[in-house]
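Here chain A shows up in two complexes: once beside chain B, once beside chain C.
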Partner chain A sequence: MAPAERREGMHYLESLPRRWVTVYIPLLVFLFVLLFPFYWMVITSFKSNAELLSNGSNPFWVIEPTLDHFRKLFYGTSYPKWMWNTIIVSVTATFVSLAASVFAAYAIERLRFKGSRQVGLAIFLAYLVPPSILFIPLAMMVFQIGIFDTRWALILTYPTFLIPFCTWLLMGYFRSIPFELEECALIDGATRWQILIKIILPLAVPGLISAGIFAFTLSWNEFLYALTFISASENKTVPVGVITELVEGDVYHWGALMAGALVGSLPVAVMYSFFVEYYVAGMTGAVKE
Partner chain B sequence: MSAASRFFDNRNVLGPLFMLPAAALLLFFLTYPLGLGVWLGFTDAKIGRVGEWIGIENYEFLVTDSVFRLSVFNTFLYTLVASVFKFVLGLWLALLLNKHIPFKSFVRAVVLLPFIVPTVLSAIAFWWIYDAQFSIVSWVLVKMGVMDHYINFLGEPNLARMSTIIANVWRGVPFVAICLLAGLQTIPPSMYEAASIDGATAFQQFRYITLPMLSPIIAVVMTFSVLFTFTDFQLIWVLTRGGPINATHLMATLSFQRAIPGGALGEGAAIATAMIPFLLAAILFSYFGLQRRRWQQGGSDR
Partner chain C sequence: MASVELRQVRKSFGSTPVVHGVDVSIADGEFVVLVGPSGCGKSTLLRMIAGLEEITSGEIRIGDRVVNDVAPKQRDIAMVFQNYALYPHMKVIDNMAFSMKLAGRSQEEIHARVDKAAKILGLTDYLDRYPRQLSGGQRQRVAMGRAIVRDPQVFLFDEPLSNLDAKLRVQMRTEIKELHQRLKTTSVYVTHDQIEAMTMADKIVVMNSGRVEQIGSPLDLYDQPANLFVAGFIGSPAMNFLPGKLVTKWGGRGVQIAPDCVLPAPANSESDGSDVVIGVRPEHFDIGASGVKAQVIVVEPTGADTQVYCRIAGHSVTAVSRERHTFRPGDTIDLNPAEGKSYLFNPASGARIA
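This part shows the complex of A and B:
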């Protein structure tokens, strides 16, 4: 990042008013637009129903904050259950995918077995297959295997988009680890398995964190599979539960909907705030490779 | 070393062995359903009934189906307009973030929030912002005296299209911006120094250094962006479910609606399969975008 900083070294030549017009004001507008829906979500979830549906007073602030919507969410719906399902599914799918991806990436990038280049390309292509064209046949398969309406339906199908992503990311990461380290270990009589566990994996921890965080977020956000493969209320995940159960006919419980959206977003937002750098590295790494 | 362990240390044995878990999962849950989906498109499968081969009947029907044709049109419109805006605004935001600004890392972290929060959940916030009776946007416009009535954002065909596109752009801009920012940071500052010594203006520097150096990553980022937008489902499903009068139905939402609530698996699969040629075009574009990287990084063309 240092070079980019240095490039701006001549910014003192720009006058301050000019910087306001060309940089600060556009940036503030961007930030306002990007963040306003979140502000609105928070404000709405603390408003009482009466306040929500009145057009009079200043809507940008809460006059009498209330926790009613959160109470309704946690005691009046299956929300805690959805949360629990989402956590289980996301965590399991992430770990399964990460484990499979570590081996696959190491094999493609370092073992260089016959045909590894083609396999690498196939993995990249698999990353480009969108859920929108897979969900119908997958729904049939899930039904035939007998895991319809269970967590397994999601745990087994989420790796279809997680493994290609994680493998691709880890391949880039393994590439940056010097070959010499492996060669030294090979001369000292280490097996490939020992090299992977004792040399490569410890060095690839940042890559593993990036891939893990990203995979977790992707599974947490998944909607189409969860909507198609799950039908019982107590098996739903947060995104599906909120959208299918908090809307009764034409009656929208806006407060509860917003509270549900807020609470459902918090885990990924908190996780993201702790690992911003890893997350950005994961996202840009996957695009740059 | 025993013979067995030497055998397992052979790269052509261990390699495929290490590939096994990933390959098994992907072959069974990705490759096979991909083929099954194409096959289903040629059958009249319904929920609870195994389909029989009916050739291209589904496609023959779809070609004459005005709703399907509208959904194809919508998908292209949605993808095109949203991608153009995502690119322009994303590039602009990336250039802004690459400048010397206070709280730089904090601002960068915050910018990405719309992308990491579950789409469905942020779409709910947009749903509420677009509400016909209580929309905050309408409230502000009416109070400012710009409008005298509330806007029915999701109730009229063209307004609904615009509203869904805005929500999609809102979510996509951070992704494009942060990826392009990473690309901007790899451009050597010496190029700009040389250019400014030669008297290049800021616009010339942008046109002849930034854009060409950024073009490979732009190609890749935009391919991903187009791919995700073209196959979008969540946003539309939450905001409009394809309405009003099918004005916002995308191919993905129509495929879902016909197949799952409608029960016509074969027809839904045919709609999904119809998306594949366009996706292939995007992937090929991405492939050639990737190829171009080598010379731009100072390497030689093969």
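This part shows the complex of A and C:
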């Protein structure tokens, strides 16, 4: 739809009271629901234990902000190590998965080999297999090849859910790149490889970015595999480390927990805000000529 | 430059035959237009010449080489696509240089050739722009520029003008024609617009549902259509067709369209009483004092000429006249086919009798 048409079509929204009812109020409600947990996390991480546990203090505000919890997190636990593990694992798993997915998606979409549709479908189905079932056979394999309790256990198992997802997303994106471009390149003398590198990938950058962000977020937040395949404290990732080491029996170190969650979510938040435009373009597809 | 030769070329998609044995020979430097209604297999044929589609059977030669199994890039052809297919992420200059860069040509040569092509096409000021920053006509020129920098043996065009507005289309039509006269590269041009075909072609190939109906120069096709399809396809407004029976009258032949309505027919050796279709082009009707009675339905003066839509014995007929007329809808006029300007067709086979 052209922008002009859109303006015309939504003209009825333009009067102010109506706009409040149809646009702003729903948006505000939405924002509140989405942001409130985040807000709760932030104030909790700055509250002293006394304030946290007293009945008399205001639950929605911090009276005396303190950095105690952050201090405990960074000096009292292996949090920096967890962070580093999470970064290494997420980045590597993301790049490995993206590379594999580019080839898979391109082949399925464009090489038109026999059974390409079935392969595409199978990959999609693989994505639907829940990790809570998959981790049992995966655990056996992890043990057998002797990578239990190492970063490799995660780097090699995360692609089992990342590749299907990225492939599926990139397939949709590649499909939106006009066929003629490739045919034209073919006549211009490019090989398949050159077409992929010089035509398809540059045009698929938004798709690659959104697939990358998604893969990164999924591996950053992954819990189940990280919990089962890692046991030593210094090999843990942030989500697992925070939960397993900051909850002792039935004692919850709320402040440190929330501080850990806050620091752990910052990289993802920063990345989203950087790439949000590409991200939207990638999800909605369409290569503009 | 090279000739192109198609021999009994066939194409099926799965089990559906789409092109049924096409023979065309294109001489070196010729501008050939493939024309036909939508879905008749023009693009498929062109793509087979380009090597983008495999040939189910038959033979395609470019120059003196059989190219059936030659990859597109080794056929030394350039193709201009309907939607231009410019690489959106490359500037105009890089779009034009892409093929030469892949071929590993030197920087100086690339520059020289791109500059030359840009000058021919008036693109010099736009070399640093991206395709999205260009108008439709400029994109079209870039697509052509990309083809000419390669100096190929054959140019292939697939409806290159159909995305442009009417005025620009006429202008680009002339430009492509001029370009061809200058470069003299063998060209195959696909269109479904018969005016484009008539104005641009050295030779027209009229196709219909995967078959060649007739091959000839534009005026040949206009003057000597081989069958009903070509007669109806070439020319605008289209030829009038009136079914009837042959009779002998006034010492010559005629076609009886209705009990009291006989049109004079060209000489022929068919027997009286056989079913025929008589074809008369709108511009070959004389509007005057004698002839068959026609009832005027609509009169459309365009300034240069006047189109008259009327009805003869229940059949709609269009006549075009250079003169200005005073009659109005509802009037009865006399129409007469100009001497020697009408055609007879066999209604069953569609072939022309005379």
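Here is the rule we use: the second predicted complex is superposed on the first by the 246 of 289 C-alpha atoms of A that agree within 3 Å, B and C clash if a C-alpha of one lies under 4 Å from a C-alpha of the other, contacts with A are read in each partner's own complex, and residues count from 1 in each chain.
We take it that a residue touches a chain if its C-beta (ideal position, glycine included) is under 8 Å from a C-beta of that chain, and two chains touch if they have at least 3 such contacts.
Owing to the predicted nature of the structure, the values given are computational and were not obtained by experimental measurement.
Check whether A:Q194 is in contact with chain B, with chain C, with both or with neither, and answer first, second, both or neither.
second
Touching A:L16 in the superposition: chain B (first), chain C (second), both, neither?
In the superposition, A:L16 touches no partner, neither chain B nor chain C.
Just checking: does A:F30 make contact with chain B only, chain C only, both, or neither of them? Give me first, second, both or neither.
A:F30 sits against chain B, while chain C stays out of touch.
For A:A50, using the defined touch cut-off, is the partner it touches chain B, chain C, both, or neither? Pick first, second, both or neither.
After superposition on chain A, A:A50 lies in contact with neither partner.
Taking the superposition as given, does A:A232 touch the first partner, chain B, the second, chain C, both, or neither?
A:A232 contacts neither chain B nor chain C.
Which of the two partners, first being chain B and second being chain C, lies in contact with A:A185: first, second, both, or neither?
Touch partner of A:A185: chain C, not chain B.
With both complexes superposed on chain A, which partner does A:L224 reach: first (chain B), second (chain C), both or neither?
first
Touching A:I136, do we find chain B (first), chain C (second), both, or neither?
first
Quick check on the output: what are the common chain A residues between the chain B footprint and the chain C footprint?
189, 287-288
Spell out the part of chain C that touches chain A in their complex, as residue ranges.
Listed in rising order, the residues of chain C that touch chain A are 50-52, 71-73, 77-79, 81, 83-89, 98-99, 102-103, 131-132, 146, 150.
Spell out the part of chain B that touches chain A in their complex, as residue ranges.
Touching chain A: residues 1, 5, 8-9, 11-12, 14-23, 25-26, 29-34, 36-37, 40, 45, 89, 92-93, 96-101, 105, 107-114, 116-122, 124-129, 131, 134, 136, 139, 170, 173-175, 178-179, 182-185, 188-189, 192-193, 196, 217, 220-221, 224, 227-228, 231-234, 237-238, 251-252, 255-256, 259-260, 265, 268-269, 272-273, 275-276, 279, 282-283, 286 of chain B.
Where on chain A does chain C make contact in their complex?
178, 180-181, 183-190, 194, 198-199, 202-203, 287-289
Which residues of chain A touch chain B in the complex?
1, 3-8, 10-11, 23-24, 26-27, 30-31, 33-35, 37-38, 40-41, 44, 52-53, 55, 59-60, 96, 99-101, 103-104, 106-108, 111-114, 116, 119, 123, 125-126, 128-141, 156-157, 159-160, 163-164, 167, 189, 191-192, 217, 220-221, 223-224, 227-228, 238-240, 242-243, 254, 257-258, 260-262, 264-265, 268-269, 272-273, 276, 279-280, 283-284, 287-288
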